[in-house]
Each structure stands twice: as C-alpha cells, then as structure tokens.
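One structure follows; several queries about it will come next.
By letter and in written order, the chains are A, B, C and D; residue numbering begins at 1 in each of them.
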Amino acid sequence: MTEKFYEDAIIIRQEEIATNIYSMWLHTEQIARLAKPGQFVTLYCRDGSRLLPRPISICEVDRGDCSIRLVYRIAGAGTAEFSRYHTGEQLRVMGPLGNGYPKKSRKALLLGGGIGIPPLLQLVKELNCEKQIVLGFRDECFLVEEFEACGKVYIATEDGSRGTKGNVLDVVTEKGLDAEIIYACGPMPMLRAVKQFAVQHGIQTWISLEERMACGVGACLGCVCKSTKKDAHTHVKNKRICTEGPVFRAREVDI
Amino acid sequence: MNMGVNLAGISLKNPILTASGTFGSGEEYAQLMDLNKLGGVITKGVANVPWEGNPTPRIAEVYGGMLNAIGLQNPGIDVFVERDIPFLAKYDTRIVVNVCGRSESDYVEVAERLADQPVDLLEINISCPNVKEGGIAYGQNPHAAAEITKAIKAVAKQPVIMKLSPNVTDIAEMARAVEAAGADAVSLINTITGMKIDVRKRRFALANRTGGLSGPAIHPIAVRMVYEAAQAVRIPIVGLGGVMCAEDALELILAGATAVSVGTANFTNPRITEEITDGIREYMLEEGVEDIRELIGAVR
Amino acid sequence: MNMGVNLAGISLKNPILTASGTFGSGEEYAQLMDLNKLGGVITKGVANVPWEGNPTPRIAEVYGGMLNAIGLQNPGIDVFVERDIPFLAKYDTRIVVNVCGRSESDYVEVAERLADQPVDLLEINISCPNVKEGGIAYGQNPHAAAEITKAIKAVAKQPVIMKLSPNVTDIAEMARAVEAAGADAVSLINTITGMKIDVRKRRFALANRTGGLSGPAIHPIAVRMVYEAAQAVRIPIVGLGGVMCAEDALELILAGATAVSVGTANFTNPRITEEITDGIREYMLEEGVEDIRELIGAVR
Amino acid sequence: MTEKFYEDAIIIRQEEIATNIYSMWLHTEQIARLAKPGQFVTLYCRDGSRLLPRPISICEVDRGDCSIRLVYRIAGAGTAEFSRYHTGEQLRVMGPLGNGYPKKSRKALLLGGGIGIPPLLQLVKELNCEKQIVLGFRDECFLVEEFEACGKVYIATEDGSRGTKGNVLDVVTEKGLDAEIIYACGPMPMLRAVKQFAVQHGIQTWISLEERMACGVGACLGCVCKSTKKDAHTHVKNKRICTEGPVFRAREVDI
C-alpha cells in the first residue's frame, strides 16, 4: 500500500483562477515528497457540521519546495470553506492517496475535461515523450498557459467561445490526432466516450474516476466502481477508487 | 491506574475498539496509526461468501454525520481467514470479527469457520439497515433476534456480541431478548436509517435510497439507548454511536458501556482512537479515578 | 408562481409553519420577524389545565442539535383562549393549536373548548418524550394512537393533525393507524429521545435524565420517515425535523410533505422562517417550478 | 415586551483580563442604544456544530459610541470560539434581553461573585446614591479598578490572596456594612446566602439568575426558575429567566 501521511499543511497562497475555480499552493511536511501525478489528497473542514474529508486531485508538485498545488471547484459548503482560507492558515491534509498515472514513453494524448484537467498538469510535466494535450471547457478556460509550456495544446469549449466548439473528442476527430497511449480525466460522459474511442482504435487508455468517499484509504468501501474482472482485494467485481484507483486502465472498469 | 476492562471474559487493555465497517481489517489504517494501542479491532462484516454490496453512490454527507449504504460488501470468510486474520494476529490487540448473513445458516456457517481461528470475540450484525434479507430483519424483532442468537451460540467457540439496531421502539426489550437467548454481550447502537434527497437533481442522494446515519448527530440517542439497555440486562455492553472525543466515550461508559467502539470519527482523523484513549487517561488522572471499571454505569 | 398549499382543506399561503414549542404563540418573536409571512403558526402545546412542566435544567446543547425536557409547561386552555388566540388572530397567518394531555379526556376537553374558536387546525401531540402519562404513551402504540384519534375527531370542529413520534420501529404503521381512525393529516417527526451526561459532574445534563433531540442532527431521519409515511398514507403530511434552510425544507416536501414546520432553527436565527420561504421561492424560479404542489412527493 | 434586535455586531477590541476571562467591546447598530444594566445579549457561534446562542451579561454600555462591553468566562467550546475572534470581525448578536436592575436612589450594597461581577459595573455607573461594592473572587481578581472609580470597593478572595478571606457576605459582616437596597449577581450558593441575609435584615434585594437557555426570548420555556407566587405570564409557579428576569426581587423566587 502506498505510503501516506495525515498532517497539518500551511497555505502558501490561494487565488481564484476562474469563476469558482481556486488554485491553492500548500506547504506539506511529507506529502509533496511522495506525491505522484494522478494521486489525490483529502482536506478536512474546520466547521464541525462537515465531517468527511474532501478528496482533491494534485495539480502540481514542487518537491524542492515541499509544496503541492490543488486546483478545485467550489462544489459545496466544504470547498467554499476552503476557498475562504488565506495565506499562512493551516489545514489538515491526508495523502498522497491512490495510485496515480503510469508514465510511459509513448506518443501520448492527454484529454482533460473541466475540473478533470488539473491532475493532468503534473503528469504532462513528468512525461518524457511526444505530448498532445486537449482541454475541454464549458466556456471559461483555466490552466491553459501552464499546459502550453509542456506541449501542444488544443482547446474545446461547449459554447465555441475558444478553440473547437464541442468536447475533447470533437477536437481529436477534427485534428485527426493519433496516439499510442491516452491519459484522460473528466466527467463520466466524457470518460465513457473516451473509452469507446480507445476500444475502437485499440489505444491503451488510462482514466481517472471519482466517487463519493468517506475514509479515502480503502477501509469503508464507499467509493467503489464496477470492474470487468473480479478484483484481487475485494474478491468481487468492485474496485476501490481511493486505493486501486483513481486511475484505471479503461478496459478494467465497467463505466 | 487501570484502563483495562473485561468484555464477556476477554480482557481488553483499554475500552476503545474500532466500529465495524469503518476500519476494514485494520490494514488500511496501520500506517497512519498504531493498532497496538487499540483495545481491539472490530472488523468489517464478513459473510460465508463474497458480497458485492450496493450500487454507488454509497455515501452521503449530512449535517454532523454521514449516511452509508455499502450493503456489507465483503470478500467472504475464506479470504478473510487467509488474509485478514493473519494480518491482525501480528498485533497486540483483540480481534473481534463482525459477522453478517442473509439467513440463519449464513451466520452459523461463518461462526463455525471461525471456531478454530485466533479470534477473541464475534460481533453478530443483525442490524444493518442496508441489506434486504438478514441484517435488520432480525434486529427489529425480539423473537427473531433470540432465535438467531441461539443458533449462533450453539456453534460459536468465542463469546458472542449481538449488535442491536436503534430502529426499534424499545431497545431494552431487544437487549433482554438476546440476553435470554444466551448472548454474552450486546453492542449498540448500529446506524439509524436516514435519507438524503438531492433537491437540484430531485433524486435520492444514495443509490439505495436510504442509508445508515452515523456520526456525532446520533450520539445522544446512543447514550440514551446504552443507558436503557444497561438498566435492562446484566451482560456487558459495547457502546457506540457518534463518539468523536474522550468525553463522548466517557458518556457511554458512565451510561453503562464496558467498551466503546469508534466509527465515523476514524474518517475525520485516522489517529482519533489513540487521542480518545489518551483523553480518557487524562480524565482519570484529573478526576482521581484509579480504575476505569469504577466508571462503568456510574451514572444512574 | 404559486407557493400556496392545501393542508387538510385549509389553504396556507406558503408551506412554512413554526414547530410547536419553539415559537410560543408567536408574541415573543413578533418584534423580531413578520408573522404575516408564515404559512401558519403552530402554537406551544396547550392542555385543559396549566402544567408546571419539568424541573431545570430543561435544555442541553449537543452536537448539531439540542435536547429539551420542558415537560409541556403551559398556562392551560382558558388563558390560551383569552390571550394567545386573540393575539394570533390579528395576523394574516393560519393558527394551528397544538394540544397535549395526560388522558383521553384531557385532549377531548381542549378540542371541545377550541370548537368555537378562530382556529384553523388542531395538532395533537401524542409524541412528547418528556411527560410520563399521555404524550408518547399514545405515540408508540398504533391501537392507542387510533383510539385517541377517534375520540378527538368525534368532538373536533377543525381538521385534526396527529403528531407522530419517531421513537418507533415502524412509522408507516403508526401513520396508517391514525389515518384509519380518521386523522385529517399527520405531522412528523417529533423529537427523538436522547440523553447527555456531564462527565465531570458525573450526572445527567437534564433534570429529566432524557430529553427530546432536535436540530439538524435528526434531519436525515425526518426525511426518511416522511418518505415512509408518504408511501403508506393518503392524508397530507406536515414534515419537520432539523430544518435549517430552504434545501432542508425542500427535501421534506420532495419526500412527501405538504407543509414543513421549522423548530430549533428559530433559536439560531429568529428570521429563519422568512429566509427559508424566500429560499424556496428562489429555488422555484431557478428550477422553473410554477407550482410548489408539483414538488410534493416528487421523489419516489 | 422590551424592544430587541438581531444584528451583526463588529468587534472593536478583545483582551483576556484574567485567566480565561475575556473582555470584548462590540459595536452594535441598535443594542447599545437600548441596553440597561443587568440585561444580557446572546451571541451566535459560527461553528455549525454549536446551534444555541450563548447568553452573556452586558458589562458596560457606551451609548455615544454605540458599543457594549461583554466580560465572559470560557466555559465551553462556544465561549472558547468567541475568545479567538479578533478586532474587526463580525458576530451575530441578539439583545438587549431581559429586564435589568431597577435603579433606586437608596444606600446601595452591590454584591458580585466571580463571573457574576460584570453586570454590576454598568449598574454602579448609573446608580445615583451611596454605593458600597463587594467583589468576591476565587483568587485572581478582575474589573476592580473600574469599580473603584465608581464607589467604595471591598474585596473577598476564597484563598485570602487579596482582601477578606472568604466570600462577599464575610466582608459584609466583617465590615458591618448596611444598606437600604442590595443588588447581587453570582453563583447560586452565594445568591441563596444573600437572600437569607436580606430576609434576616429586611433589606430589599434584587438578584440576577442564570439557567440553560435556548431561544432567549421567552418562547421555549427552557430557562425558568421557581417563583413563590403564580406568574402572570406562565400561570404556574415558574418565571422565565430570559424574560421576567434575569433580575428578580429575592422574595419573588424560590432558589
């Protein structure tokens, strides 16, 4: 099982980078040292009415500075609480959690949709291969500059305000992008379409899933997904997203 | 100063246990805290065969608590005996195996398989609100609860703790029924059936519609029911329900619990059980309590 | 856009009521908020004669809620008719009188005294956990609940709402029992019996030992029970239990409640009922809901 | 019924004036204008796990500055939360609540014990008569200078570290103090002794009581005390401390 820590982190800085999308840099004792692309942390609320830690994917890691960057959307009262924290404040964090993306040296296609985009940033920074990056947004874009520093970036917006009008797969088709490996993270409808595309074209594809979590460490079995084969740990066709995941080979999971 | 208690003939180094379903079989928490500091680990419920559990979402947060509808997913007794028991046996803590089933024969089969295992106690889950057959069907009817208790006692080689449901009119009646049927202890309360609706999507937050409410929200109900059970039976009581701190655990002990299980709080802080044990020790020092057993049921 | 609902033949301008016991007869809150904006006021329970209630402490705060053991202190029906009804009659809101008693004849006497009064509805409290006779004795037994319902219906001139206790194994059975006995509506849930122990003083936090748990802690239980009752009976349901915001009220409505009572939240913000009504209006605008009645029981 | 408001107040300043005893000056829109000696306010916690407002007596009022001073002891998580607030922060307040002390122009004896001392400060500032002030502490003293500016102050400490060793009544006996009217606030054992003293000497005595409260406005009947006669509002021998009180004629109440 991956090494993990429960610690007090200190907020280095936080800013709203798009409407209701926040970027928070955290100084951590141990987590930054161990964090891998595609892994996540859980943040604990201060307000006593909210008990469960919030899983948030790791967007960037600065191991030299012992810091991690989290980019999250305000989805409820918990994330709204986090968005009000200021530089210097402490918060409880557990991580790194989950498996993360495998790093293969093959021509890669990275597909990110909405708040599924952040975890791909650290991955693209660490991948040592030809990288094609497709980012899909509803309308407002974020993190685009950071990705452009790492490879060729294509943009899709649902309202057509920037790049291709449509979703990430519309871009792949329109630009005729091909790849030996696909890394994807985004909403379930997008991931289903990506899996279908991957099967059609026989491309090895890794997708990151999310589900409501409680413990975050694999104990409660709250955040499972259906697997095509019986899982080695659960001995049923369920995999724990927080532990066997959040990144799965597309063909492993029944989505 | 003594923090040890005797639970149905089994000595615990301290009264703090982990509540079934919130702690797996300990392995997931082993690198975040020290299992050796626990009075015991109550494992995730195990059945005679693997169970897939319910569809997702299985979890919903609510004010001061959470709803879960895992549906007792488990790998089955064979894997449990091969993998989980040997893991726990490496630690200096008591092993309490939570047993679930859909029928009397399911429960009996698991109890029989565990007879020759290095297991200290069995906790029988007859109060899971998230499975159709078995579970709560036994937990809301004193006669059914008594029958299943007798059947398990007939084969069990370890002391048997019957885990009771709070979803009843009279918890004392349930406790008396299983005591009369030979239970060595009772544990209460399991979760309270609750529901959350997503008002924007206009659908149930859980795929199972209802789920079990746990967390500090239910603590005052747990204290009341432990007290009522303690006035009704002589067998020891494992108290649980929303314990977040030493004071919460002490309330259950003062109400009549011999040991206390900590559940949802593990999700808010993986080291909470150790902090609770330390907090109880501090309390005993400050209050001049030599032996924790003086506190069991001390408020009447 | 329509926010009006029909509760057992009585039209409410909006579905928000004040829960009995948390709002007096409205006078204490009149200078902090506008009573005219309420669908109705459910008064503090009134008996045929004055009741002294329980000794203090009567209140204890718990995590995400509170315990109360007031014991239905009230000035009696004579004072209520002379003072409280005329006060409420000055406002443009429905008057729902909560009735309590120790015996069938107590309840009947109050219902008779109210027959010629400008009162819109009666809510019969058969679920108070804090009084020995009457109260919950009727609320935990379907036959007793049916009997008291019949006796009150025989004399009542206003529609009768039976207020049910959550301290039962099967809320649907209780709802069916009072429906069959002629109840015009049910309201649920009353408080859940809880207990708090002061671990330093080693005594009960409440003089009455146990008290009724209210507040957001019990909301998921209320949603589940309102849903279960809605699947079991045809009469309208007044939903209550830990409503703190518009979303909480909407959950109860979507689960099957025609109206919603707000209780403990009045203590956290005296203007909360108005904020909840405004929040429901906003939700309807955002979600394009023309008539709030479309939402009643819309989640199945 | 007394006029009252539910408003957002702003913290002007807060300091710890003795171990776990805090002094907080609040700027209020309406409450300061109406506040009378012996009345109280309720403060609302921010943490969602604590729902009930905390009743705290008004120590001083600066009507010109629209501000009130609260002096409170950390008695639990709620008051601990308040003690962490800083200048400029907002908090919800309701008040002024309760009846307050009657102001008579007679030779007065003010008896305050522990955290019952603060409400006597505004009273002594407004009383226009001969004033004898007796303050009782366990050991550590507070607010003494403020009282000394308003009249003759006698001190009692349980450990004898300052003034008379013992309680406020030991001072009254030792110094042979006499008065035409007594105003008292403090723990119940002290108030019982004061009532007994008042009866023996036939002195009109006003005492301030406290009890666990929920609504704070007289609706919930949570905070009653036993009254010697049937109360005009409740029609039983109970008076609401938050409404008919917190100040009662000693002979009115059965303590």
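One rule holds in what follows: a contact is a pair of C-beta atoms (placed from the backbone, for glycine too) under 8 Å apart; a residue touches a chain by one contact, two chains touch by 3 or more.
This one's a predicted model, so the numbers in the text were calculated from it and none came from an experiment.
Engineer: Consider the two chain pairs A-C and C-D; indicate the one with the greater count of contacting C-beta pairs.
Structural biologist: C-D is joined by more C-beta pairs in contact.
Engineer: For chain B and chain C, let me know how many angstrom lie between their CA-based centres, rounded off.
Structural biologist: 34
Engineer: With centres defined as the mean C-alpha position, give me the chain C-chain D separation in Å.
Structural biologist: Result: the chain centres lie 35 Å from each other.
Engineer: If you average the CA atoms of chain A and of chain C, how far apart do the two points sit, in angstrom?
Structural biologist: Once rounded, the distance between the two centres reads 46 Å.
Engineer: From the mean C-alpha coordinate of chain A to that of chain D, what's the distance rounded to whole Å?
Structural biologist: Chain centres of chain A and chain D, defined by C-alpha means, are spaced 56 Å apart.
Engineer: So which stretches of chain B touch two or more other chains?
Structural biologist: 63-65, 216
Engineer: Could you pull out the residues of chain A that touch at least 2 other chains?
Structural biologist: In chain A, 48-50 touch at least two other chains.
Engineer: Answer with line, ring, star, complete or other to describe the graph linking chains that touch.
Structural biologist: complete
Engineer: Write out the stretch or stretches of chain C touching chain D in their complex.
Structural biologist: Contacts found on chain C: 21-24, 27-29, 31-32, 44, 50-53, 56-61, 63-66, 68, 70, 73, 75-76, 79, 215-216, 264, 266-271.
Engineer: Spell out the residues on chain A that touch chain B in their complex, using ranges where they run on.
Structural biologist: Going by the criterion above, the answer is residues 1, 3-6, 44, 48-53, 92, 94, 211-225, 233-238, 243.
Engineer: Given the complex with chain C, which residues does chain B contribute to the contact?
Structural biologist: 62-65, 67, 140, 167-169, 192-197, 199-200, 202-204, 210, 213, 216-221, 223-224, 227, 242, 244, 247, 250-251, 254-255, 283, 287, 298-299
Engineer: Where on chain A is chain D touching in the complex?
Structural biologist: 46-50
Engineer: Per the contact definition, I'd like the list of chain D residues that touch chain B in the complex.
Structural biologist: 48-49
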